[in-house]
Amino acid sequence: MENLLSLWQSTGLYNFTSGQAFMMLVGFLLLFLAIKKGFEPLLLLPIGFGAILSNIPVAGIAEEGGILYYLYFGIKLGIFPLLIFMGVGAMTDFGPMLANPKTMLLGAAAQFGIFASLLGALALNAIPGLEFSLRDAAAIGIIGGADGPTAIYVASKLAPDLLGAIAVAAYSYMALVPLIQPPIMRALTTEDERKIEMQQMRVVSRTEKIVFPLMLLVLSVLLLPSATPLIGMFALGNLMNACGVVERLSQTAQNELINIVTIFLGLSVGSKLSAHAFLQFQTLGILALGAIAFAIGTASGVIMAKIMNRFSDTPINPLIGAAGVSAVPMAARVANKLGLESNPHNFLLMHAMGPNVAGVIGSAVAAGVLLSLVK
Amino acid sequence: MENLLSLWQSTGLYNFTSGQAFMMLVGFLLLFLAIKKGFEPLLLLPIGFGAILSNIPVAGIAEEGGILYYLYFGIKLGIFPLLIFMGVGAMTDFGPMLANPKTMLLGAAAQFGIFASLLGALALNAIPGLEFSLRDAAAIGIIGGADGPTAIYVASKLAPDLLGAIAVAAYSYMALVPLIQPPIMRALTTEDERKIEMQQMRVVSRTEKIVFPLMLLVLSVLLLPSATPLIGMFALGNLMNACGVVERLSQTAQNELINIVTIFLGLSVGSKLSAHAFLQFQTLGILALGAIAFAIGTASGVIMAKIMNRFSDTPINPLIGAAGVSAVPMAARVANKLGLESNPHNFLLMHAMGPNVAGVIGSAVAAGVLLSLVK
Amino acid sequence: MENLLSLWQSTGLYNFTSGQAFMMLVGFLLLFLAIKKGFEPLLLLPIGFGAILSNIPVAGIAEEGGILYYLYFGIKLGIFPLLIFMGVGAMTDFGPMLANPKTMLLGAAAQFGIFASLLGALALNAIPGLEFSLRDAAAIGIIGGADGPTAIYVASKLAPDLLGAIAVAAYSYMALVPLIQPPIMRALTTEDERKIEMQQMRVVSRTEKIVFPLMLLVLSVLLLPSATPLIGMFALGNLMNACGVVERLSQTAQNELINIVTIFLGLSVGSKLSAHAFLQFQTLGILALGAIAFAIGTASGVIMAKIMNRFSDTPINPLIGAAGVSAVPMAARVANKLGLESNPHNFLLMHAMGPNVAGVIGSAVAAGVLLSLVK
Amino acid sequence: MAEMMSSGVELMFAGMGIVFLFLTMLVYAVNIMSTLIQRFFPDVPVSGISTSLSTGIDKSVIAAIAAAVHQHRRQHK
Amino acid sequence: MAEMMSSGVELMFAGMGIVFLFLTMLVYAVNIMSTLIQRFFPDVPVSGISTSLSTGIDKSVIAAIAAAVHQHRRQHK
Amino acid sequence: MAEMMSSGVELMFAGMGIVFLFLTMLVYAVNIMSTLIQRFFPDVPVSGISTSLSTGIDKSVIAAIAAAVHQHRRQHK
């Protein structure tokens, strides 16, 4: 009898708080988006599942003694996002960017979304009940970098409490790139601009691909050491792939290792989706600012391309400017799709990959600035 | 000269204790069973090797500074068994169970072996020299769950000192399922019962397979949160496989990740096979109770099937009741084999897979009960 | 303005010390050797990259809070080298050695390089400014074992400060085996000796290959427990491969697991290439002694073969004695190449693999002696 | 000791009770779920089964091989 | 709060400044690098492209398959 | 320092002694083991070598491919 009572008192039904119940629904929503809508399933599925597990009453899966508590150390110590970044580096082909280096500037311009939404977060402090510190604002702004590991790395350093909301926003908006970007791109370009065909790219040699990651690292060491954990691991992965002599390490970095870390990272991020941290008015602010950040980044990239066309002979199709936000390779695909709509013979995919991967570098640089200047 | 003496005093020959020597023999016996007899080699080989390594005199491989000491944290913190369970979840196909859900009750009945051997362990306290606490008894009972990671998870929480013996008993008896089960199954069934052919199964849709692990998790959250670490990780693995959108994560979970963790888990379990903990009279008790648990679980499953036949139109071949102990897929194969002996056209394998995987759920539920009620 | 100043003060340019700059150049040199010269790229590429990352000013990647700081625990606790050794064990085929066991003595003789360079390190103390302790000397001597994981394991226990230099020397000289060995081998053998053809090898049965690693482990337990962490993990890997019943564990040990650990190990070793520890006069001593160790080991192996020919009927081509240093499989290939030069029909590769893998055992034994006698 | 035995018996009833309760509820839940899904979200039959039968290797395998080959080419060109 | 906004604006200028400075320098560096490499270290054209085109599978794939087969044989002989 | 040198020399003799002792014992042990195994536990000759030679791919490779194909089918049906 006592046992039965104690059993009943140990059920989830007896112990549920409304916050936990709501956060589990958020977890299920993320699973739905991942599985049925195809929103970045590799990340959102583990994140959603982590959200469910960590909000189970009594079980304490995200508290000391629970598996998610220990996995979270991989984020807290900055290990998981950097290993993911190494794997992404190994999967990245800088060829298109090296063939047309000036398109890197598009990847620079698109980072304006980061700083605009940082300002936006500070401006939101005018609304009663919202209080974002400068650290919070910086962590929110990085959503505009459209790069998951960078966002998680920066948020874990500057605003660990917001980590869950920021990661969810970053990956959700990346999945929404095909919806968010096209109206902005159409509004800012003329039909003629969208028809611009770009020059055939030259072939990039293996030596250039080997030297580039090292050059990138050196530049980052000289100018912005605070960005070197991110850029360094990215360059390591890229070098392992480009050099061709450590094929087995490169393959492992971009397959098994990144897969294992992705499962752990997703679950750990999900474990930060607690009612306490997520069910705040500020989460709505974060989601709104994230959307704004993507929109402004997209617009900045397109406008930059149009400016560059004023000063250059070889024309750039401004659609590829939108790919500068990173969100590899969806943003480049969007540029390609809109290009084909205006001109069925205009394949922009490879041309858009240049600003696309430059956007990854750009947001890592922006992350370095935030990490070094925001105390 | 001094050096020579000091060398001699540092040899294993000089330092061997009889307990260590005996435990190394136990390790070699496990290797023999694994390699020559094919007893669950994936686990018993690393466990046996871990037993040898941890009983080497002087070297201290399982003490602070030694590799097995550090690997053991993966069990102590509950990480390794849960990761294995995630991988097993990814390998599990719930199709046959979903096609014929009422066979799940067979997987419930077979868990009686757990509680019967728990009582048995307490009864053994009547023998002078044996003193099993309630926690010990619960950890011993879980052997009857016929599920390795569940047994290791529960034993590491309730009775870490008995972990080595319990894991060895669990995996050994799982390997012995083809010997232990048939006589019991034959004794409890008539030839006519063994000839019963079961209805062709319907095809289960992908959507059902996606929804099921989530439903299982929700039920466990509501009823028995203490089972959610196990059931949650199992459901995560199963969902990753069923949903089809995170194929690379699912593949890694059921291949490289589970392989790596299996090596580490086996070695760590082996490191708990110390003379101090294993060479006790109680180990014989554990081995005896384990065999009883399997036998009672098998019988309970068969009898449950016969009871269900009294109350149902669609007949169940009682042989598949024995598969309810879990021990996937050996128990299901045993049921299939005995069915073919009585009726060469009677393929029970798929029908037995239903109770078989239900047995995994059943023992995870029983584990949750033990973890929440045994203080 | 203040921001700009603070940015400038946070650049690498502002903060560089000459030592860091020099160590980054060393890192780039290692990358060059790995990529362009093919020097053990699997290790020297991550080591070189680790050297660069850990010497970036301000970033603190190898200090608390940085990823290399945490990865280094894998070496500090002795886990990484042992896991690598397990993988190497799984990749090793003892067949050729078992077919002709007496060639193991060549693998014993070649370890003389270890102890000769240990004495050499002590002798160098005569030079003002060099002060090698006995622990330092032992760690330096192990370079002569021509085995990376063994050298790293021993150095991490006896002289962690020298770890970087020792690992770099070990892998560099292994890569240089095709340059270092041939002149010594030619000087010590006559044309007739190099022409010696060896008997066809018998086929070794699977049972022998299964029993051998266990026998090796038992011998090491009885004689030299301090070598059992190394020999034990090596034997475990070898047994997993030889037994044939845990194929998936064996494959993972020799592929994904060893790849992941290699990346982590290399980066961690590189993180010990700090200006403070590396830019010492003693590093030159270490590099010089390493070369001497390889040369003496090679010579000892060749001379041992010639001695054995005096006392035996079945002749041994003394070239395969050079393979006794280990450096698998380069040293065996060098022996094969020189044999073919003297006699185009003389394939020594398989004959040289015997002493080659015996050299791995030999240096693990020598490591055990050092670990147990050097306090 | 008698006390411990009675705890054990109690545990047995509670345990088997929960296990049966859990799996019985799961049986009902599965039945409801399957009915609902079959009525409202029936799976679209997968085309291409014929391809699979005729070639002995299904499309995904071909896709995987093609991807592997493409991967290799990309990396070694 | 006004102070924080001004910090934010300052951060924006510093940040976008650095991002553009960084990527502009990278553009120049890449241009210099590519010129130097194309002049002094041109890649040796890879022979065997024809093989690749004719067989539909390039050498490295064949090598990989051969290695896998060899590996299997060695382990199972 | 002379003392350290003498420790080193002692270490050398002890070390090379142990290394030779160890590997000599291993030689004898291997000889005994091989003799015993060849006499009492001879390996059953593996049939199917002919298959392997004739097809150029041995059974385990075929089994692996078959398993992979089956795996894919199961997951994508």
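Each chain gets a letter, A, B, C, D, E and F, in the order it is written, and its residues are counted from 1.
Here, contacts are C-beta pairs under 8 Å (C-beta built on N, C-alpha and C of every residue); 3 or more make two chains touch, one makes a residue touch a chain.
Note that this is a predicted model, so its numbers are computed, not measured.
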item	value
Most distant chain from subunit B, judged by the mean position of its C-alpha atoms	E
Chain located farthest away, centre of subunit A as origin (C-alpha)	F
Rounded Å distance between subunit E and subunit F, as computed from the means of their C-alpha atoms	39
Centre distance in Å when subunit C and subunit E are each reduced to the mean of their C-alpha atoms	31
Centre-of-Cα separation between subunit D and subunit C, whole angstrom	47
CA centroid of subunit B to CA centroid of subunit D, Å	20
Touching two or more other chains - residue numbers and ranges from subunit B	3, 7, 223-224, 256, 369, 373
Residues of subunit F engaged with two or more neighbouring chains	11, 14, 18, 75-76
Of all residues in subunit A, those that touch subunit C in their complex	77-79, 82, 210, 214, 217, 221-226, 228-229, 232-233, 236, 239-240, 243, 245-246, 248-249, 251-253, 256-257, 369, 372-373
Interfacial residue positions of subunit C with respect to subunit F in the complex	98, 101-102, 104-105, 107-109, 111-112, 114-116, 118-119, 122-123, 125-126, 134, 137-138, 204-208, 211-212, 215-216, 219-220, 223-224, 358, 361-362, 365-366, 368-370, 373-374
Subunit B partner contacts - residues on subunit D that touch it in the complex	1, 4-5, 7-9, 11-12, 14-16, 18-27, 29-31, 33-34, 37-38, 41-43
Touch list for subunit B against partner subunit C, complex	3, 6-7, 10-13, 15, 24, 28, 31, 34-35, 38, 41-42, 45-46, 49, 52-53, 56-59, 61, 65-67, 70-71, 255-256, 259-260, 262-263, 267
